[in-house]
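Letters A, B, C and D name the chains as they come in the text, with residue numbers starting at 1 for each one.
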Amino acid sequence: MKVKASAKAISDVIARIKHDGYVAHLSEGADHTIIGVVGESATPLLEENYATMDGVENVMQLSVPYELASRHFHPGNSLVPLNGSQMGGNKVLVIAGPCSVESREQIIETACAVKEAGATALRGGAFKPRTSPYSFQGHGEKGLQWLAEAREVTGLPVVTEVMDPALVPLVCQYADVLQIGARNMQNFTLLNAAGESQHTILLKRGMSNTVEDLLMSAEYILAQGNRRVMLCERGIRTFEKATRNTFDLNAIPVLKSLTHLPVIADPSHAVGLWEYVEAISRGAVAAGADGLIIEVHPRPDEALSDGRQSLKPERFKSLMEQVRRVAEAVGRTA
Amino acid sequence: MKVKASAKAISDVIARIKHDGYVAHLSEGADHTIIGVVGESATPLLEENYATMDGVENVMQLSVPYELASRHFHPGNSLVPLNGSQMGGNKVLVIAGPCSVESREQIIETACAVKEAGATALRGGAFKPRTSPYSFQGHGEKGLQWLAEAREVTGLPVVTEVMDPALVPLVCQYADVLQIGARNMQNFTLLNAAGESQHTILLKRGMSNTVEDLLMSAEYILAQGNRRVMLCERGIRTFEKATRNTFDLNAIPVLKSLTHLPVIADPSHAVGLWEYVEAISRGAVAAGADGLIIEVHPRPDEALSDGRQSLKPERFKSLMEQVRRVAEAVGRTA
Amino acid sequence: MKVKASAKAISDVIARIKHDGYVAHLSEGADHTIIGVVGESATPLLEENYATMDGVENVMQLSVPYELASRHFHPGNSLVPLNGSQMGGNKVLVIAGPCSVESREQIIETACAVKEAGATALRGGAFKPRTSPYSFQGHGEKGLQWLAEAREVTGLPVVTEVMDPALVPLVCQYADVLQIGARNMQNFTLLNAAGESQHTILLKRGMSNTVEDLLMSAEYILAQGNRRVMLCERGIRTFEKATRNTFDLNAIPVLKSLTHLPVIADPSHAVGLWEYVEAISRGAVAAGADGLIIEVHPRPDEALSDGRQSLKPERFKSLMEQVRRVAEAVGRTA
Amino acid sequence: MKVKASAKAISDVIARIKHDGYVAHLSEGADHTIIGVVGESATPLLEENYATMDGVENVMQLSVPYELASRHFHPGNSLVPLNGSQMGGNKVLVIAGPCSVESREQIIETACAVKEAGATALRGGAFKPRTSPYSFQGHGEKGLQWLAEAREVTGLPVVTEVMDPALVPLVCQYADVLQIGARNMQNFTLLNAAGESQHTILLKRGMSNTVEDLLMSAEYILAQGNRRVMLCERGIRTFEKATRNTFDLNAIPVLKSLTHLPVIADPSHAVGLWEYVEAISRGAVAAGADGLIIEVHPRPDEALSDGRQSLKPERFKSLMEQVRRVAEAVGRTA
């Protein structure tokens, strides 16, 4: 729309879009308003019908298949509120906690420790995706309750995974951020349910999905009108066996250039060995990541899952210090 | 159990397993009965407690993490009934049909054509997993109804994908075989729902999942007491760009050696270009595949999805002829 | 050139090409003669200058970057002579022998065994590419002499690897076919030396090279005027760990469609475990491979290299029988 | 050896090693001397024969297959002299220059520009490994002469690739550092020639080689008594298509932990698009890289190779500034 397009002009365009059988998405910047049109309809969408409407500056077709996620549609950074800060803003935010919620004590102890070290949010799994049906699958709703208790004690918002579309409403009752795990990145039923919830979503890249696949999955959530989406690079599957996955550092600047959504990194899963987590964390922040998600466990040797990649609280404290220095070196805070 | 173990001895062992907090699975061969014990319990499972029970020949711990899927547990081939034949038996069975159910006419026309060419079952998608939220997502329940009509006309059982755990009961009403797609291979909620349904399951390998991952996902279904599971190799993601995916031929004999479950191949997705589908089909059968699943469309140019990899009916007829000759060369029929 | 282009017309075109600073390559079919033009020159190659010359039917620019290797340049199959047969012809030819030449006795014993089973040529390494500098590196020239002795005894031509461009003349003295190994597929110095030798070349695909990369490397050899090149699919590197490499079955029909050069398969390296070599061999032949190269060792347990993937002679005999049946099923012999 | 082992005790042990048919490598630290034994011999190497010798503290067998490259053999960092500084020391050193040496003027202009921006050495290819035989293959010896001229003008040492073992002596005449390219990482003939030259070597990781493969290839060079080896991570081949390769950030801290050799990063090839080179450079240094190698071209649009990934001199200047700040944040200089 033109810089001074009237509210009426804008609503007329939106009405026309609806009338033609499409969905309109509004992106309001400081000067400009951009109206995205998505969907399929029997009525062809004719540029000439819109180009001549009042207040319309320009009608263009996007060359990328993810309109709402693209920087064309929303040139600035999307800011996702988290604990009084904003993911995607100048401050690098760190989410930390154990892989699984194992007990009330464990999660509260860890929450206190990561808060003290400067974490912005608490992570912890109540529903765990496990390769084997015989592995510990998480404590379910009880785990969610313990997470909520940890939030009460520390004030840290809670990030936790949801695997079952039918449980999205339940998890929303307890969690501040719903995590969609790597194995579910193309579980479109779950993506739709997450979009509909209007809850903040942390969407992890699948281990064999391209950057474009990730943006298309984000588009599923955005297309439901839910704009609070964070993307997470967590390592991809390659032939290399020295580490659990291969952290795709390239994906950080590439995503930052293609999309307005915040991009965070998960060094714990990406490398899979705690001794390398600090190095990967520093690298991710130096390359432009907006945040980190880190596995911390008070006693990694006793962890029910992922102990090999979990940091002890004191090591996490040191990581936070290193991240702060690197963030400052690239003109940010942490 | 010993060769002549009495029914009482067997039921005593099963009772003891339940008492200890585990689940017992029975595999009855011509001579031998094997009782699998799976699960986790506070009671440690002591070999000595069982070794001395009546009728017990041997107690052993498996080194593979997928007990029920392994050949140790069930040395012979599992036979999965399909249209009067058996997947996993001597005859190579072919499932064929369009990627998506597009209309009543299209699915009936295709069903008649593939039946005439010798297909054993009809495939067709009513719920389609699509990378983009703006692509055609399938006709849903209407598509299922059309599939059921096509079955009435041709007698071919229906294989169709289910993506949403909540829709498993609905899809079971119409379909003979539930397909779990590659993107959902580690959607554990869906695997559990599929297992509980006790319906025949066609489980596709994820594009970046190992053979062991596939067997672990099968184990989720088997652990629900559902033994009618077919595995499907459909190509993995690699660096090669000349084809859609890389068909992992090695996986066919490796799977046949590790598991008793039938193993089928999906050349259409594995290579992604119709002109190579016959060659890959012949190769898969020569290497030991128990069956094939092939995309056939009367007018591939007009297909709403995957037209590039769909065979026309006459070409499918030629494929069936080639498959028959190769099957005979390896001592089977088709 | 036109169907009845005179010898003079052809030589005039070739002279003009040379005059313009390019290299001309002649491909003579039953009816048609095609003249390929390759190279770089300061003189632009103007279509109009050639289109009007006597006997010229058509001037066209190729869209693939490997002109001499492509089917556009040479539509029929190139036939590479081997022991009185022709690789690329109707008969599927099998090259067999140990990974390394370990002793005079070992190579002669193996040569006799594989000949008896029906092999067309003998393989065996005298110079071995080894990941570790401390592993057995082959017997060098002594190994070549033993190979030549084995040829004298059995009449089987010898296929052996050359790694050092400076040793190409030496290896040519003893070997009938020079093998360029997977690790050297993009060793352009070696490719040029192999091309210049005018010896028959067996070029293996690198473990992370695309089909197009392979054809470009073949082009290096062809550009030296050496047309006797066989290509070999030997497995690529992927995330799968159950097998040594992933055999890319797709590559067989894709290569057969893009190039006129013979395409063979190396199941031994592709799967890396002897128990699966027969299945992969059958699959490769069913999909259209022109030949196989198989590791055979009289006592695999004592092999200095690759014992895990080597067949015993009796198993190789059974493989030959299976290959024959599959070859016949696809209209060939073996 | 014991802390105060005499020179005689050390030379006696070395003599015994030679007598037994092995090669001895000496690593002298501040306190300790370690003697590495490598090779194969008919005489078994008995621990007890050595454990009782004068001055011997401990005899142990390494579990890694790369002895000389491992931190067990040489616990401290190896420092490789470069232009008065040391690669592997506290200062992060940057090597920069064009992909190919295109003309005398181009290389001198670029050398002056990168020197001014703070580069420690000049890179430029005279012999270029090209996928196509018809692409520009480099200016050969003339290119080496121009590089030497650029060194005279700027004082920057020259890093250039050698592909042909026979040309190692020639390239050594002009170059300060021999580069072994990714495609030649397992060209063992070339590795041996590079080792024998006793010249400083920059060894790049192959695009589908593991970290362990890279260390084994370094071992080839070290086993020739050549200790001046730098390793380079330059991106691996994966399924991702958004970038040329996938930069394996994990490899940086993993290599730093396994080996004493300096580890540098090549962001230009790893990401393949100039707009992301700064981000990857910052990430690599933050994760612990000892140096960088960066493609710089005065006019990337006119480059004969790799223009898409080359920085203009002013952008390189900005990169150096960013690298300095990140280096300081991790306790180093640049």
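Convention: a residue touches a chain if its C-beta (ideal position, glycine included) is under 8 Å from a C-beta of that chain, and two chains touch if they have at least 3 such contacts.
Here the structure is a predicted model, which means the values were calculated and not measured.
Ranked by how far their CA centres sit from the centre of chain B, the chains are topped by D.
For the pairs A-D and B-D, the count of C-beta pairs in contact is higher at A-D. A straight line joining the Cα centres of chain A and chain D is 38 Å long.
Averaged C-alpha coordinates put the centre of chain C at 34 Å from the centre of chain D. Here the CA centre of chain B is 49 Å from the CA centre of chain D. For chain C, residues touching at least two other chains, in rising order: 208, 237-239, 241. For chain D in complex with chain C, the residues that touch the partner chain are 38-40, 65-66, 129-134, 136, 163-166, 183-184, 186-190, 206-208, 213, 216-217, 219-220, 223, 237. Within the complex, the chain C residues that touch chain A are 208, 237-239, 241. Here chain A touches chain D in the complex through residues 208, 210-212, 236, 238-243, 246-254, 257, 270-271, 275-276, 279-280, 282-288, 322, 325-326, 328-330, going by the rule given at the top.
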